[in-house]
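When the chains are written out, they are named A, B and C in that same order, and each has its own residue count from 1.
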C-alpha cells in the first residue's frame, strides 16, 4: 500500500512540476482572494486584522478546492481511470498517494498565504506551536476530505459544481476549528486553541479512515 | 435465442400489493389520523391554549417548530442506515430507503429552518441569528442538498447508488461533527441569551404533545409514500431493462451486412 | 456443469453487460482456449469493445457467467485485472508526463520490473528522443506505441486489443502483428477487435462475429450457426 502511495504521490507531484498549474494558477488565485478581501473590506486595517484568521482560511479552502479538482482532472484524461483500475493498484494506496500530493500543495499554499497576510494585512505572528498544530490538523483534514469527495465527482461531468457543494459543508467544522485556533494563537490566548486543534485532529483522522475505507468503492464507479 | 423472463418484477409486484399507487390501508388510516390530529392541533394551538407568559402569541409557532426539529433527525438516520445496508445487501429496498429518506429529511430540515427563522423574526426582529441550532441546521440542510444533487446525477443506476451510498453514510458523521463544533463555537461567545427557555405546562403541554404526535405521523406517512414511490421507480427501471434486452437480442438484421 | 478447465482463457455463458441500462452484451457465449488468437468483428455498436472490457473485469457482467483466466469475473472482477493487458482506443496516458515516464509509471503500478519496461520501450520505439516528449504532444501513432509499450511491459496472460492497428503506420501495424504472434507463441491468449479485416484475418486463428450484443458466427465453435 505504501509503495503504491509513493508511486501515485510522486506521479502527481511530477505532473505538477511539469505543468506548474499550482504555481502558476492556484497560488496567484489565493493571493488574489486576499487582495480582493482587502478591497471589499475597504482596507480598514482594524477590520482586516480582526478578520485575518477567517479570511486566511477561506482563501486556503477555496484554493484547496482548486487543488482537489485539478488533482482529479488529471485522472480524467481519456482512458486513465480504466488504466488505473487495470493496474491493480491498491485503492487505499491510491487514496494515500492522492492525499499526500494534495496535502503537499496545500502546505505550499498555506506558506505563501501566510506570507501574504503578514505583508498585506500586517499580521503579527504568535503562538507558533499552536499555529503549527492548527496548520497540520487543517491540512490533513482538508486533503483527506477533499480526496474522498474529489474522487467521487472525478468521473462525473458536473464535477466542477458538485465537489464544492459536497465538500464545503463537510469542511465547515474545519474552517471553524482552524480559524478559532489561529485566532487563539495570534492573540496569545492559547487555552481554547488547543481544544480546536483537537477537533481538527479528530476530523483529520476520521476522514483519513473513511477515505481508506471507501475510496476503493468510489473509484470503481467513476 | 434465450427467452428472457422478468424475474424480479412480477413477484415483487405481488408482494408490494398495490402496483399502481403508493397508497395502502395503512397509509389511509394514517392519513385520516393526521388530518384529524391537525385539525385538533390547529384548534388547540391557535385558539384554546394560553399565550406564553414571556413570548405571548409567538409561542404558537413552537407547536410547529419544535416537533419538526425533533423528528427531522430520524430520516437523516434512516438515510444513513439505508446507505450502509445497501452497500452490504445491494437490494432495491435499501436504496429506495436511502433516497426517499434524504428527500423527506430535506423537507423537514428546511421547514425547521424556516420556522426557526420566522420565530427569530417575531421575537428578536431578525430572520437569522448565528445561534448554534440554526447554524448547524443550515449546514445539515446544505449537506442534504449535496446528497440530493448527487442522486439526481444521470449515471448508470448502480454507480449512482454506490456513490450516493457512500455520501449517505458520511451524512451522519458530518452532521454530528458539525453539530458539536458549532455548539462549542457559540458557547464560547456567550451571546445575549439567544436560546429560549420554554417552561411549558398546562394546556401548552397537551397542545405540544398533540403537535408532536401529528408531525411524527406526518413524517411516517410521507416517508412511506416516498419510499414506495422510489421503490416503484426502481422496479420500473428494471422492467425497462427486460424490454431492452429482448429488443437488443432481436436486433438481428438491424445492423445489416454481417458478412466480410 | 463442466468445471473450468485450466486451459480455458475465457469462458462466457449467456453473459449480459449493461451500459447505463442498455444491454451492450445481450447473452454472449464464448469459449476461448489459451494460446488462441481470436478476431472479434462485427458492425459498430455490436458490443466488441464491451466484450473486451468485460474480459478485463472493467465492465460488470450482470447476468450469466464469465470466467477469465480461471477467475470468476462476475463476483471478483478485480482479481483478474493485473493478469490481463488492454490496448483500448483511449490510451490512458497522462498528458503532462513524457512518454517514457508514462510507461514507467504504468509498468511500476502493475508491478513490472525495470528490465521488462526498458525492453518494452525499446521494442516499441519509445526509447530515446520520442520517450522524452510529453504525451500531449505525441502523434496518434506515437501514443499508440506508448500504450503498446505499457501493455508489453506488463507481460499479461490475456491480451485484449481494441482496434490495435488504428492510427499506426505500416511499420507500427507490422509491429503489432509481430508482438501478437510472439505473445501467443509464449502462451498468452489474444482477443482483438478490428475492422482491418485483411490483416486481422490472416493474423487470427479464429474469427468470432458479434452483432446486436450476441455472437452470430464463430469459426472455432461448430455449434454456433450463422444467422442471416
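Everything below uses one rule, namely that contacts are C-beta pairs under 8 Å (C-beta built on N, C-alpha and C of every residue); 3 or more make two chains touch, one makes a residue touch a chain.
Model, not experiment: these values are computed from the prediction.
Overall, the chain located most centrally, as judged by its C-alpha mean against the mean of all protein C-alpha atoms, is A.
Taking the mean of C-alpha positions as each chain's centre, the chain lying farthest from the centre of chain A is C. Taking each chain's centre as the mean of its C-alpha atoms, chain B lies 46 Å from chain C. Between the Cα centres of chain A and chain B there is a gap of 31 Å. The geometric centre of chain A is 39 Å away from that of chain C, both derived from CA atoms. Counting partner chains per residue, chain A has no residue touching two or more of them. Under the contact definition stated at the top, the residues of chain B that touch 2 or more other chains are 155, 158.
Those residues of chain C that touch chain A in the shared complex are 53, 56-58, 78, 81-82, 84-86, 88-97, 101, 105-106, 108-111, 134, 150.
Within the complex formed with chain B, the residues of chain C that make contact are 14, 16, 18-23, 26-27, 42-46, 60, 197, 209, 211-214, 216-217, 226-228. Of all the residues in chain A, the ones that touch chain B in their complex are 149, 152, 156, 158, 162, 165-166, 168-170, 172-173, 176-177, 180, 192, 195, 199, 202-203, 206, 210, 214, 217-218, 220-222. The part of chain B that touches chain C in the complex is made up of residues 1-2, 155-158, 237, 240-241, 244-245, 248-258, 260.
Within the complex, the chain B residues that touch chain A are 87, 139, 142-143, 145-147, 149-150, 153, 155, 158-159, 162-163, 166-167, 169-170, 173-174, 177-178, 181-182, 184-185, 188.
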